[in-house]
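Following are the structures in question.
Both of the next two complexes hold subunit A, though its partner changes from subunit B to subunit C.
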Partner chain A sequence: MASRVLARPPAFRSVGRSLLLTLPIALWSLLMFTPSFREPGRDRHIGSLAVILFMTTLFFLMMRTGKTYQWRRWFFVALGLLFPVGFIASLVAVRGTMSIPVERMVSGDTPFCYMVIPMLFIPAALARTIIFPGSILPTANNPHSIAIMIGIWLAMTLVVGKGWCSYVCFFGGIEEGFAAIPKRARIGRSVRKLDPRLRLVPWAILLFVVVLSAALFEPVYCMWLCPFKTVTEYPAVHSVETALQMGIFITLFAGLVIVLPFLTKKRTQCAYFCPFGAFQSIFNKINLFEIRFDREKCVDCTLCQTACPIMALSAESIREGKTLMNCMKCGACVDSCKKSAAVWHLKGTKVALKPERARLLFLYGAWAMATMFGGSILANSIATMLHWLPVK
Partner chain B sequence: MRARIIAVLAYAAAGLTLAIAVLVPFVLMGTFARAVAHAGLHVDASYSGGTVARTFTRSGHQIVVYEPVRPHALQRVDPFVQIVFRPAASLPAHVSEDIDLDGDGQADVRVSFTVPADRRARPAGEVVALNGKYQSFRMPGSYSFSKLMVQSGDAVLVRVPLNSSAGLVR
Partner chain C sequence: MVVVPISTGAGEALLLGLATGPVCLASCGPVVLPWMLVQPRGVRVQARQLSIFLAARLSGYLLFAATVWLAGSVIPRSWSGRSWLFGGVQVLLAVGLLVYAAGWPHTRCSFADSSADGSSRLVQIDEPPRSHRSRSHRSGAVTLGFLTGISVCPPFLVAGVRAAQLGSLADALLFFAVFFFGTAVWFAPFVSLGVVRRSSSFVTVARMVAVLLACWYAFAGGSVLIERAIYG
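After this line comes the complex of A and B, so read on.
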């Protein structure tokens, strides 16, 4: 009996079959990072090689164990931790400070951030104006131009929908990192008992910032509410207004991204604040992949609800066999379900008929995107760290 | 039968999604970016300075005068005119120019500044309004998007605020 309890659970797939399924991702990773080996710089080569191995190994483990969330989380937390390191280091190297001097803003050198996208639509539609201090096309000083970044966002959103929040968004990775630190949630139960209407807060913030940005012709969320300005770049503090902005950024970051995720083991900023996450939820409606519940197997144990990092499940939604609209397809509920009732699903097919096929189809697209976008950030950050740290 | 057709279509669409994922870095990202770039969009004039009105050529450098920028009703930026002196490397150590901003043949402002050797440093200088349409200011001092004197790339960029009481000029 004891040996049965202690025995490792049976592997989901054989090593050979798992390797075979991992082969496309290994080749994709090589394809993505081979060009960097042609460039000079040992640091860059090491970074690229590390990312190829990292992403391929994690995908192999997903195939071998049948688990998604736990391996995806390794990538996502690494992305969340390393992105600010690389970004801040490059800012300090170029500008000597994390703040954006007004010179950079008026010369169009501000790197574009996808969080601003929902705020761009109304001014772009009505006045053909982009209310962000970047450049439309790439320049020598600003390769991350508005057109390029919107192109990346559009393509990735078509592939993963709100999966953006668990495979692409480095800001979410920071939060997931803090949520992963404690073994148990200190106030997890209280969070699950919160009024479900609180899930509408990100929608309210989205509406607020979109309307106000269109009225003021400035990206209101970026200027006043973005917690991640604390670890990226912010307007130089030169007045009471900019000092107040900085105070808000730091307070929101400390509360929503560090303290609450640590206490609840949930991504509280994503669940209760992020307007971009709410915006991405819209694309879940057109994305082909989703999580569903096989009602014949479900025993209403609510393990999935406990596992969900962004409270995208309610008792009602589970009874209906669905997630809520804000599901980010991280796979936590599927991994936690002991009855295999939570399943990956391709819209238009019968629920729970071929869940692994649906998972594979989603994961190939999502992991390819994650390798291309997040992987490049990881490789750059590793190269930057190797360049700056005295490890040679 | 209907369910089967829908399922086949779903798998075909999933295959298409995978194809999009594969094509993104090679074709689609550029295509989407070009589509955005060709949508006729422009960065808001409070950041970009707006469109060029006229250029004055001096020995070794140019003075580019922009159209006045008129913010929208609720925009928290005052009206201004942008002037760019470029290339910064060819500017004399001290610049003092009377500039016609509205194209009426009369100088509107006198812009004077010292070009710093450090490209990150801000020039020290002043703008003196020669009529009531523009505001005078001195740098270093408080700055905003409509009142600036900075080095930007290989240029010195000056933004002269318009007097709201004087009305806007073309």
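After this line comes the complex of A and C, so read on.
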């Protein structure tokens, strides 16, 4: 894969123009990471510098080649793979284990995860209760507080909509990493033949966890269904119930995040399971950017449908010139289209009139957010790994 | 036994109902929501179904009120059979939801029906004869309403304890009837679900939710029953 991806890209823009377009992102990255250079710690400085270079270079390549998906994927997979490293390291440093002891839950020391957000609204509205054992404001033990994470989520969601699943979600990055390993899909065709109703499963899970969380006053998804507990934190196993929970987490992670993405080259967990992804789809309605299809150029070859990692295209939607509601704006369909019929689009403008301008506008917002949120996670994880290395 | 004057009891019941309505809504919502989503279109029809559901729920309440009042004097508060009842009702709710998810007996999902591009249509519901249909919906409303009416959610238990302390059976029944009206106010928004109903995707999602909830209730009720069977 590396040789294919690193092969000299076809020039879409001149080097000078690409550099010029990259300048705002380079400045933004510097702005974001300058504070970390003021703090002591060589590992932290190296981590920040690496991230500035990494994010700026990837953006330059997006400008130079006109392609989005493959360069975004380098960042996204790095995020998915490095996030657990930094997170687990900080858990082990603070509490000596990945499991959450009950007393930590009671004292509100559980880092807040955005997956809980859809489950918060009803209990908060009906009973003014936050059904998560975290603290609202940051504390010494828990900087990932509820208020901070909700603020980050809101800002990012307004900018990228469901693009969250391509530029922000470290969990999706893990899956994309496993999907990127094989050269071609072993059971790709079978996935396309799956009953299209299965695409509705994430909505059903969303509704299920929202109503049941309201009934039980606890975040049901986190307690019973989240595959990513396997690589983050989990309740300490001390009873049949907690053992069962752990069994469910591991089974879902192994099946939906490792095995199926590897066999299908699709993000199966995101496409067929994740309720937060379904929730984010709602915000595609208010987001300014989308992917459209120029029907005059489209020859219905369905290359784009094959390329889409989360089955957000159907033959019918392509005929209508649109994606399905769950499109995460990864750009794979646009990059795969040989007729330039799949285009980035700014809502309210004529389709395919200035698609590159729409892409640029979207990417500036998305990459700035990715640098700020994902970039700091990457820097932290790199610093952690350097700290572990025996040779200094 | 402490005898509570009925005038105090009615006001208290209404307040208790209104105050704990959101909790009732949260407890019964998981059952009502998917069920309402698969009901026929139209606010009027939905309102009728909801009324039948609530009436059945009221009868469940009254039955419970009568039982706790009668039991109040003879059975200690910590009666262990409560968890048998609790577990059994949850398992029955699971069965009821599964029946709805399957669309039995009058709705049928058409998996074989294919559109031009080879993908099967999202879902197709065969319409049963009108008379048949309304009878089926009515009996569903009655079953689920009754079962949620006797499911022992926290506010229900509080009301049960109060009813058991009242001086006569009539007072206990009245207490629960008033308590019921306090909670019922919170169910009104469900009528608006008729607006989204009949999008085939909504029906499919509602059925999937019903299956998931059935699994949950079966697990919750089953584990209570197993625990009681093992530990007594």
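As a convention for this text, the second predicted complex is superposed on the first by the 381 of 392 C-alpha atoms of A that agree within 3 Å, B and C clash if a C-alpha of one lies under 4 Å from a C-alpha of the other, contacts with A are read in each partner's own complex, and residues count from 1 in each chain.
We adopt the following convention: contacts are C-beta pairs under 8 Å (C-beta built on N, C-alpha and C of every residue); 3 or more make two chains touch, one makes a residue touch a chain.
If you're wondering where the values come from, they're calculated on a predicted model, not measured in any experiment.
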Partner chain in contact with A:Met156 - subunit B first, subunit C second, else both or neither: first
Residues of subunit A touched, compared between subunit B and subunit C (which is higher): B
Partner chain(s) touched by A:Ala215 [first = subunit B, second = subunit C, both, neither]: both
Contacts on subunit A seen with subunit B and repeated with subunit C across the two complexes: 123, 127, 215, 217
Complex contact set, residues of subunit A against subunit C: 122-123, 126-127, 193, 195-197, 200-201, 203-205, 207-208, 211-212, 214-215, 217, 314-316
In the complex with subunit A, residue positions of subunit C that touch it: 22-23, 25-27, 29-30, 33-34, 111, 115, 117-120, 122-123, 201, 204-205, 208-209, 212-213, 216
Residues on subunit B engaged by subunit A in the complex (per definition of touch): 3, 6-7, 9-11, 13-15, 17-18, 20-22, 24-25, 28-37, 39-49, 71-72, 74-76, 120, 122, 142-143, 145, 148, 150-153, 157, 159
Subunit B partner contacts - residues on subunit A that touch it in the complex: 28, 32, 95-96, 101-103, 105-108, 123-124, 127-137, 141, 145-148, 150-152, 154-156, 158-159, 215-218, 238-239, 288-289, 346-350, 358, 361, 364-365, 368-369, 372
